[in-house]
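Per-chain numbering from 1; labels A, B, C and D assigned in written order.
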Amino acid sequence: MLAYSASELWSIFIMQGFAGLSLFSVLLLMALGLAIIFGQMGVVNLAHGEFMALGAYVVYLCSTLVQNHAPALQPYYFLVAIAIAFVAAALLGLLVEWSLIRYLYRRPLDTLLATWGLSLVLQQAFRSTFGAREVTPTLPDWLMGSFKPTESIDIPINGVFVMALTLVLTGAVWLFLYRSRAGLHMRATVQNRAMSGAIGINTGLVDRLAFSLGCGIAGVAGAAFTTIGSTGPDSGSRYIVDTFLVVVFGGTASLLGTIASAFGIAQGQSVCEFFLQGTMGKVAVLLGIVVILMIRPQGLFASKVRS
Amino acid sequence: MSNTSFLLAIEDLTVSFDGFKAVEGLNLYLEQGELRVIIGPNGAGKTTVLDMICGKTRPTAGSIMFRNRELVGLREHEIVRAGIGRKFQTPSIYENLTVRENLELSYPRGRTVLGSLAFRVTAEVNERVGKVASEIGLSEQLEIEGAFLSHGQKQWLEIGMLLMQEPDLLMLDEPVAGMSPPEREKTAALIRRISAGRAIIVIEHDMEFVSRIADKVTVLHLGKILAEGSMAEIQRHPKVIDVYLGH
Amino acid sequence: MFKRFFGGRSGLTNLALLAILLFAVLPLSLDIFRLNLVGKYLTYAFVALGLVVLWGKGGVLSLGQGVFFGLGGYCMAMFLKLEASDPISTKIQSTPGIPDFMDWNQLKALPAFWVPFKSLPFSLLAVVVVPSVVAFIVGLAMFKRRVGGVYFAIITQALALILSLGIDGNQGVTGGRNGITDLRTLWGWDIRAQSSQYILYFVTCFLLLATIVGLQWLLSGRMGKTLGAIRDREDRVRFSGYDVDLFKVSAFVLAAGIAGVGGALFVLQVGFISPSLVGIVPSIEMVIFAAVGGRHSLLGAVYGTLIVNTGKSLFSETFPQLWLFAMGGLFIAVVVLFPNGLAGIWDLARRQGWSKFVRAKAGTAAADAVGLASTLSANPAKEGKS
Amino acid sequence: MATALLAAGSAASLAAGPPTATVNTTGLAVTDDTVTVGQLHSATGTMAISETGSIQAEQLAIEQINEAGGILGRKIKIIVEDGASDWPTFAEKAKKLLVNDKVAAVFGCWTSASRKAVLPVFEKENGMLYYPTFYEGLEQSKNVIYTGQEATQQIIAGLDWMAKQKKAKTFYLIGSDYIWPRTSNKIARKHIENVLKGEVVGEEYYALGHTQFGSLINKIKLKKPDVIYAIVVGGSNVSFYKQLKAAGITGDKATLLTISVTEDEALGIGGENLVGFYSAMKYFQSLDNPNNKKFVEAFKKKYGDKAVIGDVTQAAYLGPWLWKLTVEKAGSFDIDKVAAASAGVEFKEAPEGYVRIHDSNHHLWSKLRIGQWSTDGQAKVLYESELIEPNPFPKGYQ
């Protein structure tokens, strides 16, 4: 190792910590939607990655539209595009829940296979409309480059943006779940569908809204990822195993569990990648998760409940 | 922990779910061949006690001695093979197997992986199935799939499946729930018949039914024993009336 | 005995039908190229058979069967590669006598765990033993901890990813992403010649039918009934004195061993193996073969595998753009409308008689079809509450 | 328009060609007026993005050859197969093309893994594959013509230029985790340490499809190498360069040389994320020679103005032409005759200027160029080497 001044080592440490944090926000953003769909509702949606890809494609569409028709809007289009991504993914989620998911609530393993079929259909739909090539929207310049607190520290702005977005979204989901009537209805339906129906909650509608909300959040995650990666027809399948592991590892019923597990996995992965070799770093993290899940199958934050 | 002549000796049994003590410091002793009924309001911990005896739930503290052998820590199937049978609140039978197959599957031989490969339905097995089927009054229904039995018949089938294993202690969780009066009458007679030579613990709310079968009654309240004694004593016990039986 | 082995008269006729198809109809009607393809599909059918026992009967869904198919395949490939890397034919390498990919990665000697694969008996044993041992360790760890349902499926999926990444990451020792290629002879016998392709095809068919008969015997006995009972009422079985966890582990090990045999036969017929056979996608596809065919019927699983793969091959040749739509659509339709797969439709039709069935089917709109699905799923296919 | 381009090459064969019996003695799919060839790339799956360019270039070349009268008086008919980015499928389709369709030649494969999967099939069924991609070398088959550069051609000249121009001493090697990046970095390390007397300060590989490069970027900042030598492939490319830019590692502050970014990848990455970085290729779309002008014009006319042409696309374009010239030289479609006649075949109208098939190892003599990327996703050629002899088994580099 070359000789380093203390400040240089310190700045590397900060940046490595930042890399861990930005990976944490990526993992959490991915898992947030799934925490609702799979964590709360128990619906195994293997097409979750494709809803993310849809969000990314919406941003790409907006960026091309803005470029061709209204270049002046260039700096502002991004936030609007994220909102549109949320709506588009939520609407698709609504359609999917109505046409497919609601017949499968009692059959989790069959939902898993049906949504795998759905992911194939969506992938091919993207390939037929947007072509096989990876596409990247042109990002507004306030998102590019890095912000330099000191000479040797570079904090990527898009990392900060993703983190801020994750913070906002997690807060919103928490408020929705634990502080709103709709959230209350949803948790009641999930815990005891028959009784919730008996006290007048329209469980069918609650399921549909919850599912489409989860998909909408996935759309936002996909939109945010256009800042750090490319979008192709099957870029959704890259995230799917990590997303499920984050939710399962955190203990499905609790949002806090998902947050904690995203943080743990992100730090674990960035440490492993720093010392181990790339691919083997990922293998080490995955192995760690599987072993811990075997010791504590209910995940980190599952409460001991009289089953 | 002390050696006793009791069949079952439970000493200061406790279990807490994240701080909530479902059962706390319970002591309960059961004689050979005794029929004990446990009553108490919902949430008193009745089912949880049975769960701990048969190993479904691990207690946080205390011991359960069965013929002076500690059960806490054993796996469920080891406890069953030690001679304890458990019937669940909702009738749990194999819906898509016939009554005969339900009973065959409970035959206490060939229950290990290798044993199941070598297992043959011999004449002796069929004879035993026939005997238990007549005991529980389902001789005609032997070839019917479990799903097509009535609620009462399902309860009896489950009891029959336990009888196949010839347990020394039988634990029945609300066996007559949802039964018509004639079915309750038949169940009471069945329980009295099968209690010869084996101990039975029954959880029940129907006081009239309890009075017809119980040797001794234990009243549970908030995870602790409120009172214990014969049916008559219990009905006169002031605290029990106040908490449970009502005026 | 006859009833248990062949599943009674109707079971025998169905089996005979399949045997005629495999041993006579296909070899006569297809050229060696298409027949070899069918042979490849049949190796996937081994995994589907294992899934019928593990998932259809036992209710345990594993999304990691690619791991066991791959392990069996790699064991066979390692033997074939060592036989093909004799010092003469690898003289242009900087270290002759070792597999080519090791030479590219500057390995000077054969790694320790490769040495035993020089012997054929050891390799043939390893094809079954290695996947079974891995399945035993994973299964024991998971089932003892009562990991089940969707959690088990997700963890096995993660295992498939771990193994495929592990192979990619250690390219010097495993051949990495390219896999192990250019396999030529088995004990001196050239497996690439057309005559050997025929022989290998018939060997695969024979082993497949033998496996079906064996599994039929197993499923009709107490083992099969117990697995079925575990799927429907695990607690009741546990409290009838069965060590349920060991039964699940044994079903998992059995499915893994059979998948390993499938993997080895794949390598013999296709001539190479790579991580693309081990990862997440192939593992889920193999589950779909069983689901389409009928997760409760051994023969259904074989037909399902043949139909889906033939469709995949034909479709992708005729309209390359649309075949993914077709595959995705097929998976959804099967899982939602026909949870018992083609075998379920076949049984329903046979029981109701074709005319009534067709009229019932034609008359119902999509919504009614769903009604039919719930009646279908009311009987054996009912998923246990996970 | 295209016919003018090719007047010189094929005047002789406008008249009816020689009888089929003489030109096809091994039962290939050749009739009196047509010859059938196969095309085997990935139209679906993760590799579709990279292979689309090659598919287009090969079809353009064949179309131009047919307009100019075909080969030995026969028009070329193509059977298109989809490898679907899945190696068993490549092997299956290769067998179908050779055994069922008996095609006279196959233009296809892209990744080394797909080539390795089909190689045994081509050697057993004695087919002829024209393989377009720059690759790791260490292979020389009678049944394959390698129209892309092998590792030494692409790496050594590039590193020499970098050492000379930038006085570079320390290098950080990065790559996606499969055979081509690992073998290329192995050759680069040997050249840096033994010949350039430089030092390799780091070597990292990441799984295909990896998207989080935060830790790697910090390691680079820690080591501060003179040159970042990157061989990242596919989707990871986009994430890698985006995150480099976001972390302040840009063309003006750091020197990065890559051999895995062509105009195709630049389209996906976005020119603004590549500005100032260097690529070592044998072809860039911005090459200004008459051959290339006509080629780019014909390509854009057929596939649209926004179409981009990268190194592999041009190498794929060479395939059909080299096969045509070799068949005409051999006077027959028979595989063995074509294989023998390949030695020394020259293609003077190659868009990259000039190529010649090596006398013995079925690779191409070609020049190496260093291009610097600009915001429009095109690269300005800064350096052009002499014709480099292909050497798939380089002594001292293994």
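The rule is short, and it goes like this: a contact is a pair of C-beta atoms (placed from the backbone, for glycine too) under 8 Å apart; a residue touches a chain by one contact, two chains touch by 3 or more.
Since this is a predicted model, take the numbers as computed values, not measurements.
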(request) Return the chain whose centre of C-alpha atoms lies at maximal distance from the corresponding centre of subunit D. (result) B
(request) Could you quickly compare C-D and A-C and let me know which has more C-beta contacts? (result) A-C
(request) Between subunit C and subunit D, tell me the centre distance in angstrom, where each centre is the average of that chain's C-alpha atoms. (result) 37
(message) So the centre of each chain is just the mean of its C-alpha atoms; given that, what is the distance between subunit A and subunit C in Å?
(response) 32
(message) Between subunit B and subunit C, what distance separates the C-alpha centroids? Give it in angstrom.
(response) 43
(request) Provide the C-alpha centroid distance between subunit B and subunit D, rounded to the nearest whole angstrom. (result) 76
(request) Note the residues in subunit D that touch 2 or more other chains, in rising order. (result) 43-44, 177, 205, 207
(message) Two-or-more-chain contact residues of subunit A, please, as numbers and ranges.
(response) 127, 277-279, 282
(message) Could you pull out the residues of subunit B that touch at least 2 other chains?
(response) none
(request) Flag every residue of subunit A that touches subunit D in the complex, lowest number first. (result) 2, 4, 8, 12, 15-16, 18-20, 22-23, 26, 127, 132-136, 138, 144-146, 148, 152, 154, 156-159, 225, 227-230, 232-235, 238, 269-270, 273-274, 277-279, 281-282
(message) Show me the residue ranges of subunit D that touch subunit C in the complex, using the header's touch definition.
(response) 43-44, 81-82, 84, 86-89, 91-92, 95-96, 99-100, 112-113, 116-117, 119-120, 124, 136, 138, 177-179, 182-183, 186, 205, 207-208, 393, 398
(request) Spell out the part of subunit C that touches subunit A in their complex, as residue ranges. (result) 55, 61, 63, 141-142, 145-147, 149-151, 153-155, 157-159, 161-162, 165-166, 168-169, 280-281, 284, 287-288, 291, 321-322, 324-325, 327-332, 335-336, 339, 370, 373-374, 377, 383, 386
(message) If we count contacts the way the header does, which residues on subunit C are in touch with subunit D in the complex?
(response) 31-33, 36-37, 40, 92, 94, 100-101, 103-106, 165, 168-169, 171, 176-179, 181-184, 192, 270-272, 274, 276-277, 313, 316-317, 320-321, 324
(message) Could you list, by residue number, the parts of subunit A that touch subunit C in their complex?
(response) 42, 44, 100, 103-104, 106-110, 112-114, 116-125, 127-128, 237, 240-241, 244-245, 248, 277-280, 282-283, 286-287, 289-290, 293-295, 297
